[in-house]
Amino acid sequence: MGFLRVLIRNLLAGPSTDPFPFGETFTPKALRGRVVYDASRCTSCRACEQVCIGGAIRFDNTPEGRRFLLWHNTCTFCGLCAFYCPQDAITMTTDWHLSHAQEDKFKMVEHGLIPAAKCVACGADYVAVAPTAKAFAGYAPSAEEVESLRQCCPRCRRKQAAEIAAAKTKGLPS
Amino acid sequence: MPESLALLLSVAIFPGGVFALGLGLGLKGIDRRVAARLQRRVGPPLLQPFFDLIKLSRKQTTVPDTSCRPLFLALPPVGAASMLLAAALVPIPGIYAPDPMLGDMLVLFYLLVVPGMVLMLAGSASGSPFGAIGFSREMMLMLAYETPIVLVLVTAGIRAGGGDGAITLSLTEIMHHQQTHGAFLFDPVMWPALLAFAAFLPANLGTIPFDTPEAETEVLDGPLLEYSGAALGLFKAMSALKAVVVLNLGVCLFFPTAPANPSALLVHLVKLLPMAAGVTVLRVSMGRMRVDQAFRFFFKWPLALAAASVTAAILSR
Amino acid sequence: MSLIRTLSSRSPWLYRINAGSCNGCDVELATTACIPRYDVERLGCQYCGSPRHADIVLITGPLTARVKDKVLRLFAEIPEPKVTVAVGICPISGGIFRESYAVCGPIDHYLPVDVNVPGCPPRPQAILEGVAKAIEIWKSRL
């Protein structure tokens, strides 16, 4: 007769149903939901694009700069992009209210643009470097040196970094 | 009031027709809600079966190519009509006694067999293999549970018959006999028959543990697989009406004492609740029996109990 | 008429089609329906065993080549009016199986889809949200 005990206990305990969609529901703190991209932190290393298992991330070169595109309808919400990003430019929010009508299918995207810049040294077009980039760490440049390196295209940047490094190591024995 | 008009009203409005359909769907809604609460869920609103029926009337009725079209489309109205008529045949104590011209216990038993037959024929008329499986299962189950109920009806007839051993076939007479001599619920000779009727109830209503013909997860709704739209709605109405008929029959056979004032209807509705509650609790707490297990079960205990009741009734008259 | 339509819209019956899914989304669909925590009967929904009883069709899985014809045939047997919900990212875009030789591509190349619920698998609450949206669309088609 154990089942009668269970039934009476169930009747007395009441429903254990989550109130959604008629009320609020809980959202876990670490839920992997909608992806958010911060272009000002991105160095376009493209690790996220390489590691994305649904092929949801795409980088395109356009005249305005390098464009980032993430389509949520192929995103598996695995979080590998956020895990591997060295700059924390890609993060996952806890927003799971993603269901949409068929018309909005191609609008479930996260856009971003890393602006194009012109090199101060040679005038070539290049993709701007993120202000928070943790690069250039090897030979401890000062803040003005970092700023001047940031405003060069990659070719000029290499030349200028070599000059700065040479100047710093001048006093060392050869 | 002319007799034919009274007959028509009793079939169409009260106690058949509109009243029985409303009562049946209301009982089904209560059953679903109580079953949900017993499982710690919220459950559908109480009027959900009404919404289901209204929605089914708006859907398209599809007829499969492999089916026998005239039979396929004719079966649901036949089933629903038989139950409409049967609802007008069962007396409601204190309120309604059926016109003897409509029929007696034999006609009621015949009409109670019709929904099962209709389901069986629907299974084979739909031309699908799942329907055929549903057909054979329904046939086995009907063979199993019809014998005990016949014996229960015969026992009630003998017990309420005249002193010289006549058997009465009129449900009204059975009801009057109990109102003067005490309900059969308190009669020890009828207790095995009561247990047999309690076993017959879930089988006839098609609820767990005996809902094998319409098993959703096994044969994809069996005979009802190919039905949709208004035809399916008529089948749902038929099962709701059958529930009312069988529950009313239970009250009439075992406990029809009622006050003589208009509150007898309320008393009758209250009497239906324990039976419906028992069916719900059984539905929620058990698993489904295989059709051969159900067959063997019915030919063991309910048959033995009903036979014991008949023997006792014959010996003690 | 609008009263009948409102009342009819309170009884949508759900039917699941697994078009080659890995079963992750199907497990979440079973969770949404059968577990007391995410009771789908509150919305009047009920899982039905037969496609002919269906109103809202929940499709999971990328349409694999093996199952394509059967799914198309099954979909044609579901009576009107019906609403299709693509559950998970596989039916919407092919998901992680997008470039496979065995996958016939997003479902909306073959069937009319009305609501998409992304996720791999989506949360039961997200599926409920999608079903609620589908009920709204279905009500306008009754």
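As written, the chain order gives the labels A, B and C, with residue 1 at the start of each chain.
Keep in mind that, in the parts below, a contact is a pair of C-beta atoms (placed from the backbone, for glycine too) under 8 Å apart; a residue touches a chain by one contact, two chains touch by 3 or more.
All figures in this text were calculated on a predicted structure; none of them were measured in a lab.
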### Query
Which chain would you call central, comparing Cα centres to the global Cα centre?
C
### Task
Go through A-C and A-B and name the pair with more C-beta contacts between its chains.
A-C
### Query
How big is the gap, in whole Å, between where the Cα atoms of chain B centre and where those of chain C centre?
35
### Query
Any idea how many Å lie between the Cα centroids of chain A and chain C?
32
### Query
Centre to centre, by mean C-alpha position, how many angstrom separate chain A and chain B?
64
### Message
Quick check on chain C: which residues sit in contact with 2+ other chains?
### Response
36, 39, 42
## Note on the structure
Listed in rising order, chain B residues that touch 2 or more other chains are 36, 39-43
### Message
Give the residues of chain A touching no fewer than two other chains, as numbers and ranges.
### Response
15-17
### Query
Which residues of chain B touch chain A in the complex?
36-43, 281, 284-285
#### Entry: In the complex with chain A, residue positions of chain C that touch it
36-39, 42-43, 89, 92-96, 98-99, 108, 113-120, 122-123, 125-130, 132-133, 137
### Task
Spell out the residues on chain A that touch chain B in their complex, using ranges where they run on.
3-4, 7, 10-11, 13-17
### Task
Provide the residue numbers of chain C that touch chain B in the complex, in ascending order.
4-5, 7-12, 36, 39, 41-42, 44, 46-50, 52-53, 55, 77, 79-81, 142
### Touch list for chain B against partner chain C, complex
32, 36, 39-45, 48, 50-52, 54-55, 57-62, 216-217, 220-221, 224-229, 232
